[in-house]
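In the part that follows, the structures are each spelled out as structure tokens.
Shared between the two complexes below is chain A, which has chain B as its partner in the first and chain C in the second.
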Partner chain A sequence: MYKFFIILMLTVTSLAAAQTPEEKGYAIALETDNRDKGWEDSSAAMKMVLRNRHGQESIRQIRVVNLEMESDGDKGLTVFDEPRDIKGTAFLSYSHALVPDEQWIYLPALKRVKRISSSNKSGPFMGSEFAYEDISSFEIPKYDYLYLRDEVFEGNNCYVLELRPQYQYSGYTKSHVWIDKKEYRNQKVEYYDRKNSLLKVQRFTDYQLYLGQYWRAHTMTMDNKQNGKSTTLYWTDFKFKTGLTSADFKKNDLKRQR
Partner chain B sequence: MPISRRMTLNVSVKTLGCLGLLYWPFSHAQAYELTGYISGEHRYSLSNSLFSEPEQHASSVAFSPEFYTEWDEGRQSLIISPFFRVDTQDVERTHLDFRELHWLLVQDSWELRVGISKVFWGVTESQHLVDVINQTDLVENNDTEDKLGQPMINLSLFQSWGTVDLFMMPYFRERTYVGLNGRLRSALVVEENSAKYESGAGQRHLDIAVRWSHSIGEWDIGLSHFYGINREPLILLNSSRTALIPFYETMKQSGLDVQYTFESWLWKLETIRRDTKSDTFTAFTGGVEYTFYNTFDSNLDVGVLAEYLFDDRNSESLASFENDGLFGTRFTWNDEQSSELLFGLIHDFSSNDAGWSVEASRRIGNRWKVSLEARFYNIKDKNSVLFPLRKDDYIQLEFMRYF
Partner chain C sequence: MKEPFIQRYISFVITHPWRIFIMTLLVVMSAGSGGRFIEFTNDYRVFFSEENPELQAFEEMQNIYTKTDNVLFVIAPEDNNVFNSSTLNMIAELTELSWQIPYSTRVDSITNFQHTVAKEDDLLVGDLVDRRATLSLNDISYVREVALNEPLLVNRLVSASGHVTGVNVTIQLPGMSLTEVPEVAQFARELKRTLEANYPNHKIYITGLAMMNNAFGESSQNDMTSLVPMMFLTIIVVLGILLRSFSATISSIVMIFFTIIFAMGLMGWLGWKLTPASASAPTIIMTMAVADTVHLLVTFLHNLRKGMNKADAIADSLRINIQPIFITSVTTAIGFLSMNFSDVPPFHDLGNVVAIGVLFAFVLSVTTLPAMVILMPMRIKVREEQKNGVMNSVANIVIEHRKFLLLVMGLIAIALIAFLPQNKLDDGFVEYFDESVDFRQATDFSSQNLSGIYTIQYSLDQGGSGGVSEPKFLENVEIFSEWLRAQDEVMHVQTITDTFKRLNKNMHADDPDFYRLPASRELAAQYLLLYELSLPYGLDLNDQIGIDKSQTRLIITLENLYTEEMLGLEKRMSDWLDSNIEDVSYTVASPSLMFAHIGKRNVNSMLAGTTLALIVISFILILALRSRRIGLISLAPNLIPAGMAFGLWGLMVGQVGLSLSVVAGMTLGIVVDDTVHFLSKYLRARREKGMDEKEAVRYAFNTVGVALWVTSLVLVMGFLVLSQSHFSLNSDMGAMAAITIAIALIMDFLFLPPLLMRLEEKLNV
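Then we have the complex of A and B:
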């Protein structure tokens, strides 16, 4: 019996060793993705604090609703409450893994819904240090994966993966992601610009568990290492499985978001 | 979909409540919202007016609150949004309008809107041919982007094959016109309360409209038909030849608007066929917008747009865009202050007349915004409807405070 266990362990170890860093990276990403499936729909509020080099702050208040789509990217509706001059502006997105996302914006002063180009992946979201691609829905085919190493980060045993974007117009050559082994949650991401130098570092803190399965970071901070600016997102009011359907993510729905 | 979390302005609601202004039969509804803005602007015209009355300086303040409440788990809502402007120069520009005052009922596959509302149709930037529901509030800005609230019953039906909007409009809104003391006027001005109608029902003519719109992949398409009073009147001389009077004909108009979105390109087309007693004509606007994202190693986006405007109506006095081109550049800095700059040039290929404009805006703090607007006209064609505007170049600065 004891011998059997030894043999079994050897087999498992050698199987693991046979896995290439690409395969292992992919497997970890897949597990991360699988653990976050089945939430159906979610809504949350977010306060965004932008800080410049001199420590001056500006605030944005945003609400976000998402619909999980099987075998496609999620649908998302974002509504702006602050600053007041853009209050009621709403943004609708049908994201896709590799073909371009479909996006519309609603301008309340003109009552106009405008289809917009989704090529702008690397541009800043609302003047912040978060790019559109940093906050878009995570889909497995968007990246190539490489397992780099194990590392303890702030007391968490983590896998460190390298992700290389496979979609067009990314502002990054690669990113390094720290994922804790226990719950498969992102702890830190380092983004490298097109010249392959470190551009930004994102931290995920204040994780809380919802419906016994879904971990959500309530604070996300993005530090730009090149311009000294930072942006912190404070998330509240997470709700899941509220019964939303595709009908709640129509172009027409943009017009009456409050 | 009701997003029920909102900023509740307790203070404002309590104040209104104390004044006895608020009584709602639905006791459990607690979601009220009072927002809006107040703005002050100053417009300086670079030249003396061609006419004796208007001056070079004009100041103005505008106030536009918006009251909103919803109940029935967000399925029903009420919005009241008046707009009020006081202008030092032109009494015609001092005006009050309800941009919105309607009740909305939202169901899974349909929506019903009853009251005064504002609707936008179309895709192009230089002019909005298919957009005929709301009347133009011309005293606000002669770019025709500002609209008056339109009383309507609007039923929207949502199907897998698109959205169908049905409109019944029981009351017509007359276009606003600059008065004797205002800049951007013609030699004779439009007489107040002088409008004439082809239809015996006058302003109470029941206008109807239907629109189908859909998104299919990269395509956004709208097809519309309108039967009712033409928002654009014929301009006639009064009997004593001392003033102008608007004559509103009844029209049938079919419209098509299409946008094709591919990578950083937006291809746009709007076309209409309009049938009135005096004329039947076709018009279209077509063009392209391309955006260079994150240019010059920065977050600056630079968009360039070009549109061609065509119109084959008989009346030269109405068709100011019969063979024209728009060229524009949009700079978006994507900074904390949302700084923007739009430069536009409209050129008439037939007469070589041109007009160009600059619009810039920037947020200050979280509650203020400053905008700069400048317009310059180069008009030599004596037959052009725009000829009286040739000395009306202006620069305007506006500060807005949002609450």
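Then we have the complex of A and C:
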């Protein structure tokens, strides 16, 4: 009788917990976000390899420092190392989910800091197939979520979610994200353009674990399915909790970034 | 072909008509079932073979930058002013909706133009017109001020006076299915309808390369659906009147129908796609098939009227005609096969499928046609043939006035041929469509009011990674751009230097003095980085700068130019680059250049093809007529008509495109037929009947005169039907072929006999 009661209780609770696809999608996104909290600040180096249909390649090299922010987009500082012409250029952004980011750039050749006032996040980052919005920090309010299905992707059991951007200047109507059930890491993202056609496919590989909690993909490849170009990002030198604060992300310090 | 075999064969046909009919029906049906695979292409690239150097250069350029296939909406407000809130709203709405066009990757208009303004140390980047904002009069005059002073926009997306504007949509077709282009066109037309309904007093025209591709597909389908029925009707009427026999007409129609089904079905099996050029195949095949039936049926009906029974009449007709029909079919096929020399692949398909059709028409005219004649009821009244018919009178006149005719016809021929150089090469792809076609109207409107569709694109390469930021390089690009803008033929030059100058001004607090190129390589590179960071989806610089930033593309929009002018301009531009700019390598390409070069190259290769066809055909004639001398004499009436026709064309029209260079070879095979028939009868009279040359001429006129006249009439009518096409490659080909065939008949009647008599008389003396 006791056992029966337990079973009954479990059934009732699980029925009550039966989620709509929206709720389930949101829950998965929340879990993904939660698992990646608490890294405080991070830095990494990134090499970008661009390829066109003609087989030509081009390389860019940057360093990225991020500051984790509670209940707002992260602050990010990007320093450009290669090509040589833009060496020393530094880009600071306070990212926000639903309003335009605040952005400043220091141009060493002009010796001035310029504020960029633009609502655009959807253009190609340094001429690559990545848009700025593809690599900026993930924030829960940026999207609406919908759980689509479970799917095995390259040996990983994954949830497949549909994300609909809430930012009105986004370049996409939606994206489909494959998140592995075990570690809640992005495995693949498909981006759909304004007319809902598949535009790009991003793959995440070479994941490594940092501080026993934070998974980082060391290789990201973006294939543009419409123009045949592709870009691969190679990440190295991840560092976390190096003790940076908001004071290290001030526009007046941009000149000193080397 | 040995007589006993032909005799045995003929008796078999006459005694087993059902068997023959059903067998051919089966063959036709199994070939014809391939018809379901027939597809219409809608890509201008089909006009170029994969090895075509200009196509390769263009593809290479497209691989480095973005593709330039596009849909251009041209918006014309009735009050000739686009700068008012209603029109600007309309453009903004169309701009936003255009992102929904299938396969669109980029939309450019004056409203989403990424306007940059400096406010102290702030750089504002955004749409010139925000769709969500309501515009005050001040805002509107500001927009007007900016748009009409922006070199990227004026004469490209807005006219200098601001009376029309454009929304340009870049299309990236996956190239997987033939429905892609029509999908784009349909969507664009839908947009036009919606917006014209929502914004009265505005007219929208749709042009661009994607619409041109669509027009290619639509024009082939139009040709198929309008010309083929017209052709059928013409054939029924002409045969009905000329043959004056219901059963004979029906037999011909069935045979022609079979030929079409067989040839087009085979085309389907072979996987050849219907292109605007090869879509004329059915019309041409029908025309050619008629010629065979006429010869057989004219003799057959003549025999019946003389009182022969049906079996004897058809057997006799077969016996007399089988060899000349075979020879003329072979020569005609050779003429069409000469199209394989063309640099334009669709003409290979056209030539091959017509050659197949012509040869199969021969097969059918000695199988199905006699079988059907046997099976059908024939009610022909026996009557006395007129001894002194029209042809006899013609013969008398020709014999009597032979010297006069030889002189006059010779002079006319020389006079017309003298006009040959009046022909100018012109392969403007817009002019391929006549004024009734939407695409042509829209493009003409656009060229007159906004911007042209013909472009030349230069990719300038500095050589080193990031080299586009090199001041010396940018200076060179600017000098070149300025030189280009000073050329009369140039309507617009899109160059990255304008963007650099604008950014430099912006970064110096919009000081107009800084509207010049950045002073250092680092500065230019950093501007570029900054600018790229602030651009929205689709409006990037990848269409102007390669990923390595060592190359930049200039897009030069031109007025409508003749092929020679286009090639001349290209040479002038490249020569200027060679002699004025150092350390910059370049490639040049564009669809316009592809058409300009292929027009010229096609003439040369068809010259070779036509010459080879001429040699082979002359050889066949010499063998068939068993006389080298007569064979050589026949060259005159075979060659002169094409020369005269081109001369007449030079006098009347003066523009020759791709299709006309294949006409000479194609008609050669056809005009030879008349000569073969006439000369073989003439020789038979001379050899077998021992007549002198005058009597022999009269005999030839009396025996084949009517048949020649009738077949030529049918051929001329057939090609005139083709000339009704709205697609000039086909209509020009039809008109020119009709003229050539008509002239050939005149020359065969009025020039060849006097020439024969003159040469033979000389020999006898």
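Quick notes
What we mean here is this: the second predicted complex is superposed on the first by the 242 of 258 C-alpha atoms of A that agree within 3 Å, B and C clash if a C-alpha of one lies under 4 Å from a C-alpha of the other, contacts with A are read in each partner's own complex, and residues count from 1 in each chain.
Criterion: a residue touches a chain if its C-beta (ideal position, glycine included) is under 8 Å from a C-beta of that chain, and two chains touch if they have at least 3 such contacts.
Keep in mind that this is a model prediction, so the values were computed, not measured.
Once both complexes are superposed on chain A, the partners chain B and chain C clash.
Of the two partner chains, neither chain B nor chain C is touched by A:M220.
In the superposed model, A:P83 makes contact with both chain B and chain C. In the superposition on chain A, A:N120 contacts both chain B and chain C. Residue contacts after overlaying the shared chain place A:D253 against chain B, while chain C stays out of touching range.
Contacts of A:E102 after superposition: chain B is touched, whereas chain C is not reached. When the two complexes are overlaid on their common chain A, residue A:S43 makes contact with chain B while staying clear of chain C. By the touch criterion stated above, A:V65 is placed in contact with chain B alone, chain C being left untouched.
Shared-chain residue A:C158: touches no atom of chain B or chain C.
When both complexes are overlaid on chain A, the residue A:R53 reaches chain C alone and has no touch with chain B. Superposed model on chain A: among 351-359, 405-413, 459-467 or 567-575, the stretch of chain C in collision with chain B is 459-467, the rest showing no clash.
Residues common to the contacts of chain A with chain B and with chain C across the two structures: 50, 52, 58, 83-86, 110, 112-117, 119-120, 122-124, 127, 169, 171.
On chain B, the positions that touch chain A within their shared complex are 1, 3, 5-7, 33, 35, 37, 68, 70, 77, 104, 106, 108-109, 111, 118-120, 123, 145, 156, 158, 163, 213, 215, 217, 220, 259, 261, 263-266, 291, 293-294, 299, 301, 334-338, 363, 365-367, 369, 400, 402-403.
Residues of chain A touching chain B in their complex: 43, 45, 50, 52, 58-59, 61, 63, 65, 77, 79, 81-87, 100, 102, 110-117, 119-120, 122-124, 127, 169, 171, 237, 244, 247-248, 250-253, 256-258. Contacts from chain A toward chain C in the complex involve residues 50-54, 56-58, 80, 83-86, 89, 91, 103, 105, 107-110, 112-120, 122-127, 131-132, 169, 171, 193-195, 197, 226-229. Taken in their complex, chain C has these residues touching chain A: 60, 63-64, 66-67, 99-105, 119, 121-126, 172, 174, 465-466, 469, 507, 520-527, 529-530, 532-542, 545-549.
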